[in-house]
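Alright, structures below, take your time with them.
Look at the two complexes coming up: chain A is in both, with chain B in one and chain C in the other.
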Partner chain A sequence: MKNIIIVLIILIGTKLSIAESLEEKGYNIAKSSYESGRGFTDMISDQLMILIDPKGNKVTREISAKSLENLDPYDGDKNITYFETPKDVEGTVMLSHTHINEDDDQWLYLPALTRVKRISSSNKSGSFMGSEVAFEDFSAGDYRKYKWKYIGEEMYEGDLCYVLESYPTYENSGYTKRVGLTDELLRARKIDFYDRKGELLKTVFFEDYNLYGDKIWMADSMKVENHQNKNATIFQWQNRKLNVGLDKKDFEKSSLMRLAD
Partner chain B sequence: MNFENRIENFAITILNHRIKVVFSAIILIILISSGIRFLETPSGYRGFVQDDFKYYQDILELEEKYGNIDVLTYVIKPNKGDIFQKNVLKLIDELTEASWQTPYSSRVSSITNHQFTEVDGDDISIDNFIINVDGLTEENLSNLRELAKKEDSIVNFVMSESTNVGLININLEMPEDIAFKKPIDFAWNQKMIFEKKYPEIFVGVAGSAQFSHNFQSVAEADASKMYPGFLLLIIILTYLLLRSVMSSLIALLVIIFSILPSLGSAGWFGFEAQPPLIAAPIIILTISLAHAIHMLSIALTNMNEGMSKNDAIIDSLKINFTPIFLTSFTTGVGIAGLNFGDIPAYSEMANTVAVGAAFGFILSVTLLPALFSLLPIKSNYKESRMLFFLKKLASLIYKFKERFVIIISLICIYVFSLLPNLYFDDYFGSYFDRVPEWVEVKDIVDPEFGSSFFTFADIETNEPNGITNPEYLNKLDEFEKWLVQQESVADVSTVSDVVKNLHKNMNGGLEEYYKIPDNKALIAQYFLMYEFSVPYGMDLKNQMTADKSSSRMLIRTNYSTAIETVAFNKEVNLWIENNLKPFKTKGVAGIPIMMPHLFTENTNGLLLGLLFSFSFIILVVGLSLRSLRYGIISVIPNVVPFILGFGILTLFTDMVTASHQVAVLISIGLVVDATIHFLSKYQKAISMKLKADEAIQYCFKYVGYPIIIASICLFSGFIFLTQSLFFNNFVIGGMCAIIIIIALLIDLLLLPALLLIFGKKA
Partner chain C sequence: MIQNTFQGKIIIFFLVTLLHASHTNALDFKAYGFIQPESSIYINGNGRHGQDNYNTSLFGKGTFISYLQNGDAKFTISTIGRFDQSDDQLRYLDFQKFKYEYYFDDVTLKVGNEIVFWGVNETFNIVDIINQSNLAENISGTKKLGQPMASISYSRDYGTFDIYLMPYFRERPFSGKEGRPRLLFEVDKNSITYESSAKKRKIDFALRYSTVIDDLDIGLSHFYGNNRTPVLSPNPLTLKFDSHYPVLSQTGIDIQATKGPWLYKLETVSAKEGSERHLGAAGGIEYTYYGIRNTQSDLGVIVEYAFDDRNDNPFNNEGIIGLRWSMNDVKSSSLLAGYLFDMRGNSNRFQTEFEQRITDDLKLFLDLSLNGSIDETDFTHQFKEDSQITIKIAKYF
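Then we have the complex of A and B:
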């Protein structure tokens, strides 16, 4: 009798551990994937954002950006975005200190106002500059913002990929679920986003992967297709350079203030 | 071989092959009726207009640029007090959250998730207008009330000015050709859940999505509630009139077999089951019922007089063949005049009825005699007291013929003098005034918000980023100021409101900065800032194009009639022409603009249809009588019922809508029917060398009873149609019923008197 109970406990235990391991496996892949993209210290790039409406009309916006890696596992990176086109917004600068499960700090320098404004908004699930990308999508790969589940494997464009489901853990997300494909090089290839009512909203394709510093794969193109409003957005990274030795002080509010003087 | 002999041969052939006739008819009917499954679910107001209709094209163009215009709205009104009470805000907050689950929803706006900007020097924080409802104190609530009243984008959008009513607006991004059933069912389910949880607060469902869905739900409700009762009515009516169970059964079969294949044909043609189509079976039914009664009553009378069953029905067919054909034909032609209109739903209904009229005729002269011959029928048919009464009436008319003509003429002249008061107009707000749930919400929304419909204007600059130009924004402001002064307009919101608000917030929240800054770059930077601090479904994409070359104005209109709307539209276009330069717009577009124009244009088309149907039918009647004199006499009893009918209408309203015209087109073919019967019998009597008074007696004896019976059938049919939840069907039913009854009176009272005075004497 005693033995039977022990066998049962072991059986239930393995059952549980299998169930758990799906989540764990998903989490581990996501974590490894995220970490494989880390170690860039800092980065500069030019970005091209192309908005495409259902009729095929295109609008292009140009941005250049600087990032500073934050190695603190409980906090996010710091970013500066310089807006270049359209001409009217030239010189507008945004500094953001991202955080994991709390609101980002965000400062904005408006040259026409010659002032720096601190913007706090608890809710950034909206469209970024009229595109199909939401602010929250820029940290789509951050494993710490989601709960994960490993679903299986699938061939995608000739590569074997892990299928991972993830669920946002922060309030105010515009999504309920994401289903992503991550290849064996731990590169995210494609993510389906499901909206608040659980319907497929959009698909993001990560393309044009390049190896930077001989160790970090980065997608230099991101294509977003909105299935509901039939709009699309393409992001392209150009002149991307890693580990260029940026000054940490540039990423403080004071450096932005200097612009206003 | 003359015509009567041919009919007789035809009848004998039918009876000789009666089993074949019955079976082939049934098989054919089943085949054609199987098309019913292809009847399309109504696609709401969009199915009501033709795709190439200008004002619909305007909407489609607008949607291509800014997304779907359809909105599902919850109306929230506490039984006591305004919305600034904890439980009301809690309801709104919870329902707002739940609304994101609405099928096809793309954005949800309410007072709770309204993005409110708080300014503290250079610190700007943007958050939901109402957070943590449970923690609100009385003081918080009254502060929020004051803040909300000052916020342009709250008042008249998610809250009424009086603060008594709150709205939750859900924008729907409907895939093409998908009905609103799913989001509406979802919304009604939420309404029930929330009303149960908060019994002291009313929750209603409104908006263009509900309006559109009404077309479907009303059609369904009418079909399921009206038809069974109507079927019962025919059974009772046929039994009362024929006093024979088997004969009633035959009538019932002929009626059902006329309706099913016509609906089947409608399915094969790909028609939509819009509310007007609901009227089609009822109209077909009344026509077929009249046919069957004519055929059967004479056959049964013949049997009473000792004829064999087969001879009785052959004789009845001989007598009725031509009138039945003419009734079917004139009804078909009359109603086909609806094809001159601009509303597919009405043309589809008309064509279904025309097909049904054809089936009614064919079955009445084939299936009906075959069944009559096959089934065991005993005649209990007694000559009613009706004949005695008709005899009395005939002699009364003979005695006082001049007085009859004079009195009726005087009535006509009086009524005629009322007609100039009538005017053509339409009021699309009234379509669903017979749907209690819709009216309940409408009665709350309309006084507070004007209506739950939006009108839009796409204002173009023709250059990328042109909308950040202060000149453009000031122009929008000017347009808005002019618009709000118009009677048709309840509220306007534009992107210049957004800019003013941003300018104020970027300048320490000072009221004096609530204006459009004179700096294009600054405005562009404001928009940029706004664009990356908004939550999901709150962006400006539905207000401006991606290249910022044009923006969309949102105009909440009051309910207006077609005339008012057309006038308003003209005024707007004039203002645009004189003032909007250098910017461009195609003018205002939206449901409140489209529907009235649809009916104005439809009215013009229908007038042409009326002219066509009327003259064609008058011509047919004249030709069938083969006499100019009788042709002219026939015009009077065919026209007078319409004059009197519209005279009676003035007692209720002076507004003549498309529905009244539709009623004329439906009834014209039915009205002439009785006249043809009466005049042809009179001609026959005269040719039999009967004296005038005897000729009238002859007419009353042979056609008086059938005319009365047919009119009763038609009248009851149309009275039944007034039970429809669709207001237009109610009007059509009522109007037709009035016209049919007047026509009966005219045929019994005026026509004989006229014939006595102006008819040929033997």
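Then we have the complex of A and C:
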């Protein structure tokens, strides 16, 4: 009798640990991948966004950005985006204090109105500046915003990659599922996004990886292909610099006016 | 404006400062702007003062920003100007910004012309008081004149304090004889009186504390100085309006709560002019539906109401219902439509503003302003026949 109980316990235990391990393994890879991108302290960059329609027509948008790493493990980073082009929005500045599972705090300085407006950030699935990048994609690397599942391994461009499925846990996401490839250096290489109906919406390719500060791999190019409307967006990072000495005060609502015209 | 000697002196001071700075620092600057031809058709025909049913205008804006002392200081010029076919009061150049700022860790010092906005509302900006409104530009008063000032801003974790000293007052511009819409009489620029003996040299003073507490943005402000709004009284001899600027002491509170797609806004003022005290409150709700009908479009609904305990105030019992439709496309197409109404009478006005980028440096604006039935007792009755359609094309550089 005693033996049977022990066998049962072992069986149940094994089964549980197997069931856990797919989710846990996925979670742990995602967590390690996220953590390998931390430690940048703060960052500045110029960003180029190229919007391509199905006929191949291109328009280019330029922004410059600053980020501050939040060392609080229960809260998100802070970002400032300065819009350079299109010229009619030149001088517009956006500040966001991101959070993990609640809405971000966002303010927008509008030069035409010479006014700072607090804006709603619940538009997670909306398009960023008419591109195929949604607002929620900017925080796509944060493992805490998803449930994870390890699916298996797959070769991608000659590299062995983990296949991970993830499901957003925050509200108003435009996605039900993401299927991503993360390589052995813990770099996200490609993610397929499935829409609210469960259909394949778009694929994001992370390219031009460079090692910053001798420790952090960052993709300096991101290509988004929308499979439904056939548009594409290429996002490029230029002049990226880490640890330039920004602090919390540079990311307050009051400091927006220092960046304004 | 430049011809004014006081501002002239300030401008010379700045140019000297800038020249000095450019000797000691490599100039790091930005320059951008636009020119915008505009054309209006008045759909009720000629105006009641014989104004034409058609008008053209050329508007422009130029901004120059220079970053000095390794980013610890900034010099900004932002100028707007207009040349209007009909209205001589709409032929002007205004230095909206002409300022030098210096940044310490927690403190910002600023001197020069500046535009300062206070408040949270979309339509009824009753707390906003620093800058004079250019009523020749539009009757809603959203277009401002640059205000000369010296200001200090001090920011800490618990909020920001701003102190403003404004040594020079700018009189309110009104539409001229050929302007449309215009008041019943012209406003006589040679017949302006002030309660303050210092007149336009009175040093106006303002203080503001603002802070963010989670999803609340809060501002407390106080202003003491020449009221930006004059009392107009018809002069039977000149058949023009005489204007009088009383001294105003106004305390304001503005609060916005941002709860997901809901924005809740409230502004209140308690103000004293002479021995008379009045109260005003305005606020509203804005809700945005994101991704309507499975598109990238957003539809925002705005409802605002304004109350003032003075019966003769044009905004003593007014409401607006507005819709903001943003297509979020490559052309940034958007449409703002508002139905403005007086809650007591049956006066109402309908306004729309459509905009769309044509190319990377060209943008189209289409404005429509329709006056509905307007009570004879309503302030806006004099503009009843001035419904208009305006097309503007901005060329950016």
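To be clear about the criterion, the second predicted complex is superposed on the first by the 254 of 261 C-alpha atoms of A that agree within 3 Å, B and C clash if a C-alpha of one lies under 4 Å from a C-alpha of the other, contacts with A are read in each partner's own complex, and residues count from 1 in each chain.
The definition used in the following text is that a residue touches a chain if its C-beta (ideal position, glycine included) is under 8 Å from a C-beta of that chain, and two chains touch if they have at least 3 such contacts.
Treat the numbers as computed from the prediction; the structure is a model and nothing was measured.
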Chain B and chain C placed together on chain A: clash or fit? clash
Tell me the contact category for A:S255 with respect to chain B and chain C: first, second, both or neither. second
Query: For A:D105, is the partner it touches chain B (first), chain C (second), both, or none of the two (neither)?
result: second
Is A:G130 touching anything from chain B or chain C once the two structures are fitted on A? First, second, both or neither.
both
Q. So, A:R118: does it touch chain B (first), chain C (second), both, or neither?
A. both
The chain contacting more residues of chain A, comparing chain B with chain C, is B
Only chain B stretch among 3-11, 399-407, 543-551 or 723-731 with CA clashes against chain C is 543-551
Dual-contact residues of chain A, meaning touching chain B and chain C, are 51, 53, 59, 86-89, 111, 113, 115-116, 118-120, 122-123, 125-127, 130, 172, 174
The answer for chain A against chain B in the complex is residues 51, 53-55, 57, 59, 83, 86-89, 92, 94, 106, 108, 110-113, 115-130, 134-135, 172-174, 195-199, 228-229, 231
Residue set of chain C touching chain A in the complex reads 32, 34, 63, 65, 74, 76, 78, 96-97, 101, 103, 105-106, 108, 115-117, 120, 142, 144, 153, 155, 160, 210, 212, 215, 217, 256, 258, 260-263, 288, 290-291, 296, 298, 328-332, 357, 360-361, 363, 394, 396-397
The answer for chain B against chain A in the complex is residues 64, 67, 100-103, 105-106, 115, 122-128, 173, 464-465, 468, 506, 519-526, 528-529, 531-541, 545-548
Within the complex, chain C is touched by chain A residues 51, 53, 59, 85-91, 103, 105, 111, 113-116, 118-120, 122-123, 125-127, 130, 172, 174, 249, 252-255, 257-258, 261
